[in-house]
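Across the two complexes that follow, subunit A remains constant while its partner is subunit B and subsequently subunit C.
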Partner chain A sequence: MYKKIKSIIRMGFKDAVAYRFHFYITLITSPLQLLIYYFLWKAIFSYSGQEIINGFTFELMISYYALNMIIAFFTWSGVEEWLEFDVRNGELVNMLLKPFKVAYFYFFQILGVNSLSIILEMAPFFLIAVFFFGLKIAPVFYFLTFVISIVLAMILNFLISYLVGMTAFWFNRIGGIRRVKRATVVFLSGGMIPLTFFPIAFQKIFNYLPFQYIRFVPINIYLGNYPYLKVLIMIGIQITWILILYAIAEFVWYKAFKKFAGAGA
Partner chain B sequence: MNKYLKLWVKTFALELSSDMAYKGNFIVKSLGLILADLIGPIVMLLIYANSLGIPGWGFEEFILFQGTFILVMGLSHAFLFIFPFQVIENVRHGTFDKFLVKPFNTMLYLTFSSIDIEGFAEVFVGLVLIIWAFIKLNLIILSFNTLLYLFMIVIAFIFMYSLMVLISSLSFLFVKSLGLFDLLFKLTDVSRYPMNIYGFEMRLIFTFILPVAVISFYPASALLGTLNILNLALISMPVIAFLIFSIIMWNLAMKKYTSSGG
Partner chain C sequence: MQPMIVVKDLKKIYKTYEREPGLINAIKSLFHRKYEYKEALKGISFEVEEGEILGFIGPNGAGKSTAIKALSGVLFPTSGEVNVMNFIPWKDRVKYVKHIGVVFGQKEQLWWDLPAIDTFYLHKDLYEIEEKEFEKRLKNMVKILQIEDVMKTPVRDLSLGERMKCKILAALIHNPKLVFLDEPSIGLDMVAKERLVDFIKDVNKKYHTTFIVTTHDMQDIERLCKRIIIINHGEIIYEGFLEHIKDKYLKKKLIDVKFESQKSDFNLKGCKILNKTKYEIKIELNLEKNSIRNLVDYLLTNFEIVDITVQDPTIEEIIKTIYQNV
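This part shows the complex of A and B:
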């Protein structure tokens, strides 16, 4: 089993190597984007004359966006697109023949891609953020729990993508659904602005949704905004969401598969 | 000219019917675009609710700015973005020659067959935001400033066109050009926020060297009456230069392409 997993991860990794040019480009565009956020928030902070806006100093705000990008690199998941392609072109049949659950196959392949992203995007960008944008290196406890929480965030994001991707069994084209999903997830996970900027009522709702555990919560763990115990609770909630979504995904897959087989493929 | 207009209308009809083949997806896709475009204004609403916002721009003025950005991007999406994608895809697959044998000027052919119906969803969002701001700011529609605004939007569109031509030309040199597209396109992100935030030197760069400020900052400023005709004429000059430069690059690229034995 372990050997099989390793070979799938390696496959994803090698596929990604072929597209390494793309990683180099993001290594240029991401600091540029962070620089725009830097100017934007510098202007807002100095114009407002406030030291702290919604719990964030200017330095923390820039760190927030830097960490947000780092998490975005690692939680990348193209599974909706792959599923759409494989269902429509009947590639899925080949995958069913493999001694492996289709979900695991996609997951480990994506893990391979994201492992390359650690080397080509995350690590270099982390250094850029530390040296040029004043990102502080977190204390050991927070750093380690951050690493754990972004691995969980990746699984969580994968499961959401996988669930959305399975709509391909019912619809011919899901480009539209994919786009709605992408916009919603980025926004509700705190990928555009810290969730503390929302009215309290909204923040309460977000506590009951899985999205903030993809970006907002891991970032706050890194920034040391939670006491030790709360960090562990947050990680517990992440794991709970993973289990819930996994159960839903299994159920939907069961339904979808019936439909797929019924179509006589 | 007539045959290009015909081509444009034909492409339009073709695109429309191919989108209608998957109606459900097309509707969801358009809704997705609208949703994605509305996130920007919502983020700004949150920022303005929690701080004074961006220096020199009240919330309504900023929405006018953002609506303009979305409108220009929507127009570009609707009428320009297919152009570079056609070139990139076909150069990579070695099928670019099919454009050369057409009884059209290649660049004009690609220009007039670049239509993406989805873009109109974005145009719609932009217009809604602009109209909202017009009402809130008590702006007069039939005024000289509106005329200047429309003129600057045309300039913005010309800039976007030049950028697309430049990206297409460069894709002959760098075959893996989708990354290059990302890179050059990301530069337009600079114009998501008013130039006030960047400081004087960078504002000069974004006006005269890489004139991305014409996408949203100068049109919105023109409408709000902070620029006169002389300013606008001066600002338009680099865009015209950029257009000429990108056409020269295109012609060089075409020469290189044929001489490499295509």
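This part shows the complex of A and C:
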């Protein structure tokens, strides 16, 4: 089993290498993006005259965005696009002919792509954030639990992506659904602004949704905003969400496969 | 012993929608769609023995690919039973596909941006092939299919025929017991086609591998298969040995007569003149209406014969008439 997984990850990695140019570009654009946040929040903080806004100092706010981008690199999942393409063109047949569960195959392939992203995007960007944007290196406990939580965040994001992608079995083209999903996930995960900026009532609702566990919660773990016990509870909730979404995905897959006609030859 | 493949009353109904051309109709279909149910397979039954090379033929849209897909486990049929090596293909998919190899001529089965060799190595791990065994098979197949030079180039840069050869290798590298080849000779030149036929025969003989081949190329079928199944409109219209098809459907003979002179105009019941020149006449004889014997008698009395040749129509022509009659 281990050998099979390694081989699929390697394929994803090699495939990503074929498109390495894309990674070089983001390496240039992402610091620029962070710079924009930097000036934006500088203006907001000086205008408000406050030291702390919704629990964030200016330095913490910049760290928040830096970590937000680091997590975005690692949790990337193109599976909804892949599924849409494969279902529409009937290429899913090739996936089905492999002696491997389709969801796992996609997952490990994406893990391969994201491993290249660690080398070409995440690690360099982390260093840039530390040296130029004042991101502090977290204490060991928080650093390690952060690493665990972003791995879980990646699985969580993959499952949401996979579930959305499976709608292609019913609708064929899901460009619209994909856009709505992307906006929803970025917004509700705290990828746009920290969730503490929302009214308390909203934040309570977010606690019962899986999205904040993709970005907001891992970032807060890194920043040391939770006591030790709460960190572990948060990781527990992440795992629970993964199990729930996995069960739903299995069920939907069963329905979807029945629906699949294998378009084309 | 139970046959390798048993198919009983296999049915597949697709749901599609129909739309008249034009913008107005496109807008109409936003609100109301006329759904249609298309019966791709109307309940077919057949059996395949281990070690057989079965030809699966039929005109476009006959249901060949649907049948292959259901048999290879990638499609959920509407009803019916399929048992292949004690698996129900679509239910035991992950376990089942380990034992089969499938080539879809129309599909890209290799990693588009990577050299084919990467896909071969992926299959080595996915199908758990032993290192030594893998190297041996790879070397052997690469030589026969002649792809030493192309397997290290990204697949997107290969020609149709080169890709086909790589696909065939990828589908057979794990030495499956059962192989489905759907239009495997698309894009292959004559020499490559012949090599492929020899290769399939060789694998069949050496490993007792079962092959199910669909193709429009009757030459491939004649060279490969003893038994064929002809399918049209989702139904099996012929199942049996290729040779027997002549007995069943051969209702005509072609006669070519060369002569020096003739006493009267040619006119005989059951004969159709296909072509006539001053010293030659081509006749199609309908065996249900008249016999060779009568025809030859007639010719000898009315013509000063130089030469007579009697021919059967080719398999290709017979099958063409079968397609057209149904």
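The working rule: the second predicted complex is superposed on the first by the 260 of 265 C-alpha atoms of A that agree within 3 Å, B and C clash if a C-alpha of one lies under 4 Å from a C-alpha of the other, contacts with A are read in each partner's own complex, and residues count from 1 in each chain.
The rule is simple: contacts are C-beta pairs under 8 Å (C-beta built on N, C-alpha and C of every residue); 3 or more make two chains touch, one makes a residue touch a chain.
A quick note: this is a predicted structure, and the numbers were derived from the prediction, not measured.
Q: Sharing subunit A, do subunit B and subunit C clash or fit in the superposition?
A: fit
Q: Is A:174 touching the first partner subunit B, the second partner subunit C, both, or neither of them?
A: Touch partner of A:174: subunit B, not subunit C.
Q: Once chain A of both complexes is superposed, is A:230 in touch with subunit B (first), subunit C (second), both, or neither?
A: neither
Q: Once the shared chain is lined up, is A:99 touching subunit B (first), subunit C (second), both, or neither of them?
A: It touches subunit C, and subunit B stays clear.
Q: Just subunit B (first), just subunit C (second), both, or neither: which does A:136 touch?
A: Neither subunit B nor subunit C is touched by A:136.
Q: Looking at A:8 after the superposition, I want to know if it touches subunit B, subunit C, both of them or none. Which is it: first, second, both, neither?
A: second
Q: On the chain A superposition, what angle, as a multiple of 10 degrees, is formed at subunit A by the C-alpha centres of subunit B and subunit C?
A: 90
Q: Counting only touches as set out at the top, which of subunit B and subunit C does A:183 meet: first, second, both, neither?
A: In the superposition, A:183 contacts subunit B only.
Q: Pick one for A:33: touches subunit B only (first), subunit C only (second), both, or neither.
A: first
Q: With both complexes placed on chain A, how many Å separate the closest C-alpha atoms of subunit B and subunit C?
A: 6
Q: Counting contacts the way the document defines them, which residues of subunit A are shared by the two interfaces, the one with subunit B and the one with subunit C?
A: Common to the two interfaces on subunit A: nothing.
Q: In their shared complex, at which residues does subunit B touch subunit A?
A: Listed in rising order, the residues of subunit B that touch subunit A are 22, 24-33, 35-36, 39, 42-43, 46-47, 49-55, 176, 178-180, 182-183, 186-187, 189-190, 192-193, 196-199.
Q: For subunit A, which residues are in contact with subunit B within the complex?
A: 21-22, 24-26, 28-29, 32-33, 36, 39-40, 42-50, 53-54, 171-180, 182-184, 186-187, 192-193, 197-198
Q: In the complex, go through subunit A and note every residue touching subunit C.
A: Those residues of subunit A that touch subunit C are 3-4, 6-8, 10-11, 14-15, 18-19, 90-94, 96-101, 257-258, 260-262, 264-265.
Q: Show me the residue ranges of subunit C that touch subunit A in the complex, using the header's touch definition.
A: Touching subunit A: residues 14, 65, 69, 72-76, 90, 93-95, 97-98, 102, 104-109, 111, 113-114, 118, 121-122, 124-128, 154, 182-183 of subunit C.
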